[in-house]
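First, the structure itself, so that you have it in front of you.
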Amino acid sequence: MPGDSRRVRGPEESQSPLLYAVPAQLPVGRTGRGAGEPRAVFVRAGLLSHAAGSAYIEAGGTKVLCAVSGPREWGGAGGERRGRLLCDLRWAPFSRAGAWSSSAASSRQAGLLLQESLEASLRLERYPRAELAVWALVLEDRGSALPAAVSCASLALADAGVEMYDLVVGAGLSRGAEGEELRLDPDDSEEEAGATMYLSLLPALNQVSGLLCSGEWEGDTSVAAVRMCMEGCQRLYPVLQQSLVKATKRKIPAPQPQSG
Amino acid sequence: MASVVLSEAEKVYILHGVQDDLRTDGRGCEDYRGIEVETDVVSNTTGSARVKIGHTDVLVGVKAEMGTPKLEHPKEGYLEFFVDCSANATPEFEGRGGEELGTEIANMLYKIFDNKSSMDRESLCILPGEHCWVLYVDVLLLECGGNLFDTISIAVKSALFNTRIPKVRVLEDDEGSKEIELSDDPYDCMRLNVEHVPCIVTLSRIGHRHVVDATLQEEACSLASLLISVTSKGTLTCMRKIGKGSLDPESIFEMIETGKRVAKFLHLSLQNVLSQEESLGKKRHKIGFLR
Amino acid sequence: MMEVAEEPGLREIGCEHSLLSRPDGSATFVQGDTSVLAGVYGPAEIKVSREMHDKATIEVMVRPKVGLPAIQDKNHEQLIRETCESVILGTLHPRTSITIVLQVINDGGSILSCFLNAACMAMMDAGLPMNAMFCGVTCALDDDGQLIIDPNTKDQKESRTVLTFAIESSEKKVLTISSRGAYSPAEVSISLYQSCL
Amino acid sequence: MLSVPVQDVLGEVVLPGDVLLLPAQAADAPLSLSVASSVTKRMRVVCGPGLTRQGEDLQVTKCGLLRHREPAVYWVDSHQKRYVPVKGDHVIGIVTMKSGDIFKLDVAGSDQASLSFLAFEGATKKNRPNVKVGDLVYGQFIVANKDMEPELACIDGSGKANGMGVIGQDGFMFKVSLGLVRKLLTPQNDIIQELMNVFPMELVIGMNGRIWIKAKTIQQTLIVANILEACEYLTTAQRKQVFAKFSDNVQ
Amino acid sequence: MVLMAPARCCVPGERLCSLEDCAPGYGTYCKHGYVFSSLSGYVVKRSDNGMMPVISVVRDTDSHLLPDVGATVTCKVMSINPRFAKVQIMYVGATVLKNTFRGTIRKEDIRATEKDKVEVYKSFRPGDVVVAKVISLGDAQSNYLLTTAENELGVVVAHSEAGATMVPISWCEMQCPKTHIKEPRKVARVQPEFLNVTT
Amino acid sequence: MAAGFKTVEPLEYYRKFLKQNCRPDGRELSEFRTTTINVGSITTADGSALVKLGNCTVMCGIKAEFTNPPIDAPNKGYIVPNVDLTPLCSSRFRPGPPGEEAQVASQFIADVIDNSQIIQKEDLCIAKGKLAWVLHCDLICLDYDGNLLDACVIALVAALRNVRLPSVQISEDTGLAQVQLSSKSPLNILKSPVSTSFAVFDDTYIIVDPTDEEETLATGLLSIVTDEDGKLCTMRKPGGSALSPERLQDCISRAVSRHKEVQTLLDEVLLSVKTQ
């Protein structure tokens, strides 16, 4: 693997001690929050000094940091008038409870999902022949990292002063293997258990920009799940707005009311 | 997806056509193009199928090999998917071009099979923890005419239907070491139950309505489309929105309804085509080009 | 105080100029049984993406004797590149590239100082404008403080510390330092003084 | 700081980093050094290739032999293979590209030189010189400094070619080090004379280390090429001996 | 030009007002008859001489992140050749650009008078700081096309061979204070507010 | 127009400040930026630490795993450091495999670990020749603002002291490991090295803890790593303007004094984590 020759050499393969855990770790149920209750969220925008825009989100144990490098020059294949969005979503090697993995491959696919969710909200035609790059890093994955990354990336884009139709808010839910109860904002043990659904929404325009669900969905439980996800997004929206307003006030001095 | 560049006028033309439920090739919004399914086209595979929908042409080969079960599921076999977008589909897939689309489709296939009901994996297990059957599903994309996901999922289902895995007996000789004995009669083989294998239905949104089985031109003027994988019983095993645009919730619910309805009908017709071809047995005449 | 052993025996040093025809400057440098071959191309054509408008872009490539270049080679490349950049007058040849290729013939200890000396000789052979010369010196301190100049691989393994200096010819100041092992500040000045002799 | 007065190191090998103290000129003569070799009424020290100015003294930047020429011109004669274009140098260029009204030439430097089609003797808009890609052109640099792309011309100030232009076809061109070319082109050097009377031939020497030779037969051309390449390391005595050996077996 | 409401901070997607009240300005878009904000910044409502007030969202002084056609840009000359000079655009108007963009000044765009007798070497040298105006975004492979064909455009800061900052003495020459050598440049007639940059 | 002058003539701008022995952000030449350390923030890692040196932010996460020990040293475990410089922290880095600066930083950290003997590799061995720990130490730079090496070394030491490893026994019959996740024990940290970086400005001024701008404008960089008993573990000066031995000595003395500052800060933070 070429990567190896450019990193400090370690042992060929190594297993996570959790596989040999005695007594086996029992998956702890959802403690202390209702089915429809999302986890406590901490959001902060404009925290990195060098990036054009940046944002950091903590949903329960999941921590995601995102940076945007502002409209850059891009060759522009052919007479492409619209700007281009480039997304990269990466998991830190220590972010998952299981094995250590410097997994570069899965990040390309995750970046694709993130791009599809964000592209709908950006006014790319205002940036002809330029390229916007979003770099997201999951520091700790305690469940539903993808929706947290979507919200964090959209906040970072707004903080960078990119023209957007609306912020994009992400939410996820999971359903126990056999139980019918839908649980909003699942943590990592609930995520593996059964079916999961992730949705990203443009709250002001009420448009769904990203949707991904796996596992079995009987009858119209999928419709109920979509509605529940949209509610989750609407609940998170004011938190994002407030943190963005605070960041904008801190970053940009209010224009003095000029007279005449 | 392989894309074709349309001028604005052509897009508006298609848009208005779809508005009053009439598409450029005369189909309604929920009709499929002519689907040709043919199984057992490649000799040295355990199961193979070729499916052609309009101009889209896909060939799937399944190879069953003996492997060790995964650590997390010792009592089950598993499937491995590999999608190869060969350059003769479109020049775009030259070199590494087709790789990204290939991995995207492969991930989608992993997702739709990633549940209990769609595929009975326990039957693939020979010896829990030691030996199991691994089905390597190789998808080869011969021509791109739009609506890749549906074609590939139908081809995979037909190939799995056509798969014949030789029966295996485990002999316990004296000092306890297990020995696997393959039956020599070529016809004594195990068939997979594909009844619950899901198929993907792609609904592309054009203007205010959505269409099924979009051609390349229709895909070019659709900003967003919804992929739904539905089993014959109507349970939805995976759903994903792809494309640059966004969808409003109501149209998503409509699309799910249409998707399920179309899928039920698709499963029925596919099932009886396969069983009809199976019943012909030896004397069916081969139309595939590979003969 | 640490006293210095008898005259620290330097391994015999050999150097040969312009032995390769293709590069603009080439030299091989031998220290005991460590020998390195260096080739210099420059000032030559450069890709627009890497060109600097006010000075030459210097690039160093270290090729180990066997196998792919590893991280330690990349570390040496940076040390050598920065050392060369500080002596070469790059402003005289803006928007050009100067490439220095170092091939390890045999590594018998103190490889970094051999790299530095070979690079300096090859640059001189290529006639690149420089405002000073530099020479690489490696010295090792074993457990009881004995100082060995230009140690071979055996000395290096046994010794507690290995320090490599690049010392500039005009004012005998230190250009580059790279060290391995724990040592006290006093020992640094002793080894520095020794290597300047 | 190895600083040493200039006189006692003349003709010696100097290393980059050495600082040369200038002889104390008459106090009042302000020493303003300029790279351009223009001698005005006040005593000016001119430093050529291999030397740069550092405050009041000269600093050596290339290793080689320090040379001196009256009245106060110093330079270092160093061994170099890579040619750096200097204005006024005569060089041999290989035409690599023809684009619009200029030709691109490879002059073994860091970037390609350009040659306008009008820079030939008697060339006008309609009567263009027939220069094909791959031809050898002997020309002079009219623009050459570190900021600009070098420009060649095949006519001198008065519009005459005097020897410049496209070189004939079937000669042989080879590359030697710049030091040897300078040695051959020094006026009091007799290597060329001796060679001429041994083998009558056409000879073009470019300052960028390229030499083109066309003797009567291919065999003689190759002999001359090898002799010239060997000249770099032969002492004058050995060279005389080699010439003697050839001159008798040719008659 | 009177600014009515004290500056209110808004977020992309926030509904500002309906189309009847005011026209959408910079940083806004309209949908279903309402004006929405497309930037996070301060709402500024300007109504000039009683006409429909124009509502726009402003981030900092003039926050265009891309050099657009007609903008005055300041750039550094990277390389020159007989046909054009390649520059790196550092900032647009007064705002510093986070990432630099590549630009080209063609020979015929250097000077308004006697276009064909202009010499690129006599106008710019690598390392000079030049004020220019964007004339086009350029097509696929070439980058922004700039021009210095006005008196206020041209070289603002230049270094001489000796490295000192040169003083402009005429519209086509600059002199080095140390070696008194005159070097030909296409000099910009310096506006008063730019003057302190050169000291 | 000061901002304009800063981008047009950065070196001139800096020289004006250095003449008065201060820097644009108000610090003296030998003053460090405010250093904040946060330990144990990542629960999925066995040990983690976040260090902010002014704006330069580095997160170190350590994950311990099982592996069989190397053949040539059956009683030793592994410690594998890796520095990641992604485009997230600064737009000068390209996505893809580690670039030159990331590799050089990784090599520097690996040298610091070997030279300063932070931990004995023998402590990482569980069963001689059969099973050993491998500590994957991943240092990810979140915000690049100069002086990456100092921040990385502090982050590594803080994370190592925060590591809690579960106790492991090899069961005789199955020969497999048994891991008690409940009883966790810290690593035995012998030394805690601290790195100090200097930047040299046109051979005259030497400033401590350079920011990103100062690093690009400096004509030479020097990094010195010292440990508790004043010994120097690693010294690295990649070329640049030459330093006389005397100036080198006062850099070393500044490094020793810096070591005390960081040592007290680290002990405070670790104490506050234990008391929670």
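As written, the chains take the letters A, B, C, D, E and F, and residue 1 is the first residue of each chain.
Methods note: contacts are C-beta pairs under 8 Å (C-beta built on N, C-alpha and C of every residue); 3 or more make two chains touch, one makes a residue touch a chain.
Treat the numbers as computed from the prediction; the structure is a model and nothing was measured.
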What is the set of chains touching both subunit C and subunit D? E
When every step has to jump to a touching chain, what is the lowest number of steps that links subunit A to subunit D? 2
Of the other chains, whose C-alpha centre is the longest way from the centre of subunit A? D
So, in whole Å, the Cα centroid of subunit D is separated from that of subunit F by 54
So, what's the distance in Å between the C-alpha centres of subunit E and subunit C? 47
In whole angstrom, what separates the CA-based centres of subunit A and subunit B? 30
For subunit C, which residues are shared contacts with two or more other chains? 71, 74, 94-95, 168, 171
Among subunit F residues, those touching two or more other chains are 91, 103, 106-107, 110
In subunit D, which residues are in touch with two or more of the other chains? 147
Subunit A residues within the subunit E interface of the complex: 52, 69-73, 75-79, 121, 123, 127-130, 158-159, 161-167, 202-205, 241, 244-245, 247-249, 252-255, 257-260
Help me check something: in the complex, which residues belonging to subunit F touch subunit A? 41-45, 48, 55, 57, 59, 61-68, 70, 78, 80-82, 86-91, 95, 97-98, 103, 106-107, 110, 134, 136, 138, 140, 142-145, 166, 168, 176-181, 212
List of subunit C residues in touch with subunit E within their complex: 51, 53-54, 94-95
What residues on subunit C touch subunit A, complex-wise? 68-71, 74
Quick one: which bits of subunit A touch subunit B in the complex? Just the residue numbers, please. 19, 108-109, 112, 116, 119-121, 195, 197, 202, 205-219, 222-223, 226-227, 230
